[in-house]
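So, here's a batch of structures to check.
Below, chain A partners chain B and then partners chain C, in two separate complexes.
Up next, the complex of A and B:
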């Protein structure tokens, strides 16, 4: 960290965490709170505009750092960035045919739930919950895969894990959004 | 349950070494600018209370009447509501940051005339001229400010004003502009649910996750908060900025009009009268099982009975809508219903029994209803104001908020690209790079939207920013980096620079539903002229106050660590700039003071940054981050090889 500017420190250093894919989330949260208590603009409500601006920039930085390290995909992307590999998630896509096939099947299952939630004997929310659980399990495996590739310095492999993780994250969001919509429909 | 401030005050006296300058007690207030009623509260002798008017009434009805000779606010305006509806503005909060089309589509139960205008900001036609919602709100704020200053016997240093958590940027900005028109320095726009949690003293109780269910006159908010050692961290917030007790009244009023079979349902006076009857009936049914309703005017005679059963039938769909938002907020927060320890109930509409029953049934946990739901928000705001103004230097309370709705920009084909997602912790900054599509292009427009939908037309337009003045280059060569900064109040600030040349772009903001700075300034000027005050002397006083603030902050900083952090040369430079400001302050030259402040701030820039970093290092368990950084870097390098 540069002497006069926390904005120049990397996210791990900021929270006094080792640069590693395995992050102690409890410690992250504790350090986050500590920094917020020091830097938040509310601590400078009576200070000069200059100090207020600085505090706003610094808390924005702390917030971004926390959001990045908390999220398994963003954290992975950030680690590779620290190693000189820039990844634009929008443009990344995996070519693993087997994986893509699984993704298609998953989308079809979701479509089935969407279409039939009103006239099926299965509880659509329970079905979605079990899909979410499957997704979570395979995400955990992929995170493990990333951690190993990264630790071994195999950044090409690590990058491939990120592409797959990103797919899974999107799929999880879709499952949650669908569950929310179905829940609203069923309740009203 | 309430925060014990007497103890805190004693602690402060017992530890004089902690604060470096003898601290002067500043006057601060919390203001709940509500749809139906507004309140002001302050902390006095360690106790928080809302302030009554001279007749002992705490609630100021949010009603403004533009009369022949003068403007009435509150109870005084109320009586004109039925006889002079066009000049009496009620529920003005619903119009804050809103456009004409929002009003004509959604809210047909308003009976105002609007001025024909090119601008999207609606203006009520009154006999005192056309007024915007911002100006009407400023009238309410002026009365509350005056009430606080008369009670406290001095000028307010600042106020915390509450807004629904679900308010978008335009609505927040409108609120802040109204405060500015009323001559109030806003310490913070605080979300109403957070304010309520503060008032219940939940920061001093058990740590855990709570929900705040806030159903006011015109808005509904649900917030999920995590409490941890004095920090209130908002995990997710949701709601409906146009759903509230007014809609209950409206549903009941529609029922009355249907029953009465009156032919004149559009008459403004009838509408107001029936709305009032509906409201009284709703309130009565919190106590009894049936209520008699009697309408007796020249064009409408009707008498009937409204039972609680029918009331609940009318209201159930509305309450269900709020529960849908609750489910969504829980999902966004990734919290299970069972994890909610308790639910804080806020807003007058939570007095309705059906609301309590349905909310308790949904969350399956205890409801906190101990503090008057009308007063709880203002009280929380006052507690926060007292901390912010500096009266509680050792208080650990901190309120961390999120942005309630995603921010995005318009892209090709009328689609929205999200830049900052909803429920992101604020302050937050995101940068995005743009390029030019024509040779020699020196300007570009950015359309900023707020909302969750994909199409531009389905989201709320916030503003169009025109960036100008970057150097001409061939198409695609320019790299314009636009930074979207959201501050702690949830307000958006856009800045832009061209990366190749380093030129800062000039930004012209055209708010979609707000007033421009120029408009606000001219309103200020007008209002001051009306008051026969002197604009110049007011501006001068503002700068003098600002100069005092800067000097006080600097002196107390220097006393703490000036010797450790500054070289002799730096110290003498700062002392010189300080002297310049001291001299400027005693002059009556506003610009000279302004300039001297800017110069002193520039001189102190490195010092300010150094101080903050030092305090971070000290707080991070005593050992230096520098050492640690070097350490972890070498570790990362090892892993690479």
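Up next, the complex of A and C:
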């Protein structure tokens, strides 16, 4: 990747990766380090303000690209975007009722853990760990589902998988936050 | 972000939190916002005259989503289904003084009541 092409490249081109859901994370990291070196501010210490500004823009583009391709959900969203499918999730609220019910039940389980962690025999952290594991397993299945739909050019289905993955990601964050909270409380 | 007074009030003292047993006169609306992962369940109990007698909700999400659903359950009680369908998210957003980034929470509430009404009506045709 030459420096002049950075802002004109898509995220995959930037790291010389094939446009695919399957990403070689080691290569991604190597290419990322290479570009970072190329764009390091020290190299522009004596450059014009314009060049400094440009290299900063390039750096932020490269950082965004790396963060996007590293994350399986963001990567999926980006792939669809490259195919002209925008995921405006903001005002789209209806979906598979069974799935939403599961999400609700999951949140209820978390609430129970939050409320009862002091007066229960179960180890709350072990409970959360097993929930996190469940989430991870179903996220892996969903990613698999996305990969298959995407490979088959079924972008509508691919999009549905992404919408579900968004919920799962949020739920995972909540499990982690709750575990951190409980750990803090138990220590005090 | 600073929440408005009414949002805080509904958030801290949410009205009508709960669930109804599934029955023929109960309509359930399930909606979710993939962007923020919020999930909302809103249920209505409808009498023989097509009037919403009672409404409950369960929302897992931010303060604005909880406040929007809490407010909405208050508003729909005593209304006919047709009247309830008239409620627009903009009215909720205005009442709660939601900032622009939280408007989608009021959309969620509007979609939830419409989904609940649709669910109830579907049950009546079977």
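The rule is short, and it goes like this: the second predicted complex is superposed on the first by the 178 of 188 C-alpha atoms of A that agree within 3 Å, B and C clash if a C-alpha of one lies under 4 Å from a C-alpha of the other, contacts with A are read in each partner's own complex, and residues count from 1 in each chain.
In this section, contacts are C-beta pairs under 8 Å (C-beta built on N, C-alpha and C of every residue); 3 or more make two chains touch, one makes a residue touch a chain.
Given the structure is predicted, the values throughout are model-derived calculations rather than measurements.
Touch criterion met: A:163 reaches chain C, while chain B stays clear of it.
Of the two partner chains, neither chain B nor chain C is touched by A:25.
Touch criterion met: A:103 reaches chain C, while chain B stays clear of it.
Within the superposed three-chain model, A:34 lies in touch with chain B and out of touch with chain C [touch as defined at top]. In the superposition on chain A, A:8 contacts neither chain B nor chain C.
Chain A has more of its residues touched by B than by the other of chain B and chain C.
Shared contact residues of chain A with chain B and chain C: none.
Residue ranges on chain C touching chain A, taken from their complex, read 30-37, 39, 41, 58, 60, 104, 107-108, 111-112, 115. Residues of chain A that touch chain B in their complex: 1, 3-6, 9-10, 12-13, 16, 18-19, 31, 33-43, 45-51, 54-61, 63-64, 66-67, 82-83, 150-151, 153, 176, 179-180, 183-184, 187-188. Put simply, chain A touches chain C in their complex at residues 89-95, 97, 100-101, 103-104, 107, 111, 162-164, 166-167, 169-171. Interface residues of chain B facing chain A in the complex, by the touch rule stated above, are 158, 187-188, 228-229, 231, 320, 323-324, 327-328, 331, 387-390, 396, 398-400, 424-429, 485, 487-488, 549-550, 552-554, 597, 601, 604-606, 608-610, 612-613, 615-616, 619-621, 625-626, 628-629, 632-633, 635-636, 639-641.
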